[in-house]
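Here you go, one structure.
For reference, chains read A, B and C in written order, and residue numbers begin at 1 within each chain.
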Amino acid sequence: MPETPTLDTKEMLINVGPSHPAMHGIIRIVARLDGEVIRGAEVEIGYLHRGFEKMSETVSYNGVMPYTDRLNYVSPLINNVGYCLAVEKLIGLTAPERCQYIRVIMSEISRITDHLTCVGASAMELGAFTVFLYMIKAREYLWEMVEAVTGARLTVSYCRIGGVKGDLPAGFEAQCRKALTETRAVLKEVDKLLSRNRIFVDRMKETGRISGEEAIAWGITGPFLRGSGVAYDVRKANPYLVYDRLEFEIPVGRHGDNLDRYYVRMAEMEQSMRIVEQALAKIPGGPVLVEPESGKPVDLEKMTPPAKPESLPVMPAAVMVDKGKRGRIHEIRDRLAQVDPTLGGYDAATERQVAAGEKRVSLPPKEDTYGNIEGLMNHFKLVMFGHGVRPPQGEAYFPVEGANGELGFYVVSDGSENPYRVRVRPPCFTIMGALPKLLIGDMMADLVPTFGSVNMIGGELDR
Amino acid sequence: MFGKSNFMTTKLDAAVGWARKFSLFQYPFVTACCGMEYMATACSHYDVDRFGAGFPRFSPRQADVLFVVGTISHKLAPALKKIYEQMTEPKWVVAFGVCTCTGGFYDNYATVMGIDTIIPVDLYIPGCPPRPEYVLDGLMKLQDKIQAQHEGRETPPLPGMQRSLHESGFSV
Amino acid sequence: MNPASLCKTLADRFPQGVLGTHTFRGDATVTVRPEAMLEIARVLRDDPEFRMNFLMDLTAVDYLAFGKKPATGAFSNTGVAVRPPAEIGGKEAWPGRATGDRFEVVIHFFSLPLKHRLRIKVPVGGESPAVPSLTALWLAADWFEREVWDMYGIRFANHPNLKRLLMYDGFMGHPLRKDYPVNKRQPLVGPVN
């Protein structure tokens, strides 16, 4: 029997990253290749480690909020909400009902923007640049909504412990429904471009496969797990805010491959829009003040409004502050403070709707801050260095459904004004841990769609 | 532009500067949150293509402008320096976002306090993250700077433009 | 199972291994000895009563500076005295820690079929703190434990690949320890601070 000539083959190491064109995010994968098949992979992360957990220990409880924005910077509002809920659980406080609806609406808008970016970017990496442009166009519609509510496009810092920064602006519902209609149109276009696109489907199908049991063993949650057929969603399993009053479904895949994850994300966007529309219809309109002791809403009609001497002249609060600094007390005596329109959305009427009526946690309305000594003292006690929100000693873990999966905040308090420990359970951390498992056995070119469907967000992964 | 006579006169340096500033091949070194605004600037809504910078090159060897977009950690700093050294002259560096300008509010063990401690920077675009309009404004300032450099002028003293630590004699 | 019965069942099963239990704010929390940790984790995963198939989170807390900060504000040191609403439950105060060891490894479990959550805390102290690794039971433990080693310097016995995850080789110390200064930099290139 003649000897079969064998070619001398060697395994090759190929280094992908830290900055690689086909990967959005900074990560390094060292792949061991046999021909074009990946036989082994080592993932190196930490390139965007910027010490979120250490920084949180140096600022006040509300001061952590801007840092949470920059965890998952594609859906910052969900991080805000998750952190606030964890601290509120530690304190034992519930936000007013209207505020809970606002948080749900903003979380879901954020989830849509996250999925839009994820699907758009991973499609771009497979060559479908048009889809990316369409998706970003749709994201702009939603970001305009976010900007109208929060004042910022991306790093919003909208939530406060016990409430949110300000109420929804006038005419929000109509604008939001319009933005959703436009987003739906874009999604329809994208669906036409991608879902039956031969190239796209061939590259996504049966790559990066993982079964439901394996995914659970790796601690994977979110759309990635649902793509493998496990219907786990924190919004259903442990309902928080008002999710138990809203109707939505959990889309699940069957095969656990990249294509199913794409379908799950597309279906989830539709469900999120359903949630937003229901929440917009159900959101209580009037001011809702909650008694912190009992958690029951207070009927404002029956409350006696604080007496306001209408005869006194009005003066802008900023002018009042300036005069006060120069010592011209006689000029501001017997004047009523008028809040600057740039502080809009935070006068007494809206404050009752969106923040818990608890002096030791929520800032007073700006009229009070500028207008009377009680409000000023209250403000002082919450914002000055060495003061602030002080939860009791203890610990609490609160999971919310982030765009990538279960986003949990574990907060430990030692009773001082700085958090003793803030831990984030980052959803894409566990998925990245399983990345070698997903890659091994696939071709080198399959790395790109698999990595795209992970939706790695550096800020959240490395914190 | 050419009028009836079908020709125009100019200084060669000015023409080269004009050509360079309107065909900026950029290398986006995207690490963090600012990347989202970079995407928004690059896409159809704000359309950076109008300024001749719509063509990202994903190899530093083919790029003119290095956009450092997002926080640079100490772990990543050697990679950034290497990428800068791989770029061919003439090259410019834009610090996009406040983390790259000064380190921002991440004053801790992990973060580089401004990339100008590692590589020279031509233009700072602060903001956390800067809005797309702001980025476009910064881009136009960079174009002015490129034009001025080719005409042998000093860089015009534009608002928002600072000297980097390297230019002011700071040694690493 | 509800949090209270989770704690009670586990304490009855392992009278030696369990150091203490509480259900502060509705979170079932069980403090266990490091030696008993692996056995308890195995029971939690495999026993039909618990069926904790998810290792949701594994982290650590450094209690070096806990309670050392003087109260500067006018509010009492115990913080906000708001009574929790009924749905959260725990009206009792936090019972405090079971031991005085410096570190606590904190593990959050979740059971998908039974929809309950449990927090296991493993106190550990000494010069070179070490606890058993959970990598044999949950694959997810791999990176979580590497991160804890990186950030806190707690060793996990029998971990297959215990090296730094977020920081780089050559970084000295463990940044999330309370005695590590927040802005002590160890740059690879560029100036120090």
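The criterion applied here is as follows: a contact is a pair of C-beta atoms (placed from the backbone, for glycine too) under 8 Å apart; a residue touches a chain by one contact, two chains touch by 3 or more.
None of these values were measured; they are calculated from a predicted model.
Trainee: Consider the two chain pairs A-C and B-C; indicate the one with the greater count of contacting C-beta pairs.
Mentor: A-C
Trainee: Would you kindly say which chain has the C-alpha centre located farthest from the C-alpha centre of chain A?
Mentor: Looking at centroid distances, B is the chain farthest away.
Trainee: Between chain A and chain B, what is the separation of their C-alpha centroids in Å?
Mentor: 30
Trainee: How many angstrom between the C-alpha centroids of chain C and chain B?
Mentor: Those two chain centres are 45 Å apart.
Trainee: Based only on mean CA positions, could you tell me how far chain A sits from chain C in angstrom?
Mentor: Taking the mean C-alpha position of each chain, the two centres sit 25 Å apart.
Trainee: Give me the residues of chain C that touch two or more other chains.
Mentor: 167-168, 175, 182
Trainee: Show the residues in chain A shared as contacts by 2 or more other chains, in ascending order.
Mentor: In chain A, 46, 49, 51, 54-55, 462 touch at least two other chains.
Trainee: Can you list the chain B residues in contact with two or more other chains?
Mentor: 75, 108-110, in rising order.
Trainee: Could you list, by residue number, the parts of chain B that touch chain C in their complex?
Mentor: The touching residues are 74-75, 77-78, 81, 107-110, 112-113, 117-118, 172.
Trainee: If you look only at chain A, which of its residues touch chain B in the complex?
Mentor: 18-21, 24, 26, 46-51, 54-55, 66-67, 69-70, 73-74, 117, 121, 132-133, 136-137, 139-140, 143, 153-155, 458-459, 462
Trainee: Which of the residues in chain A come into contact with chain C in the complex?
Mentor: Answer in residue numbers: 45-46, 49, 51, 53-55, 57-58, 89-94, 214, 216-221, 230, 232, 237-238, 292-295, 358, 360-361, 381, 386-397, 399, 406, 408, 410, 412-418, 420-421, 423, 425, 429-430, 432-434, 437, 462-463.
Trainee: Report the residues of chain C in contact with chain B in the complex, numbered from low to high.
Mentor: 167-168, 175, 180-191, 193
Trainee: Within the complex, which stretch of chain B touches chain A?
Mentor: These residues of chain B touch chain A: 29-33, 35-37, 39-40, 43-45, 58-59, 70-71, 73, 75-76, 79, 83, 99, 105-106, 108-111, 128-129, 131.
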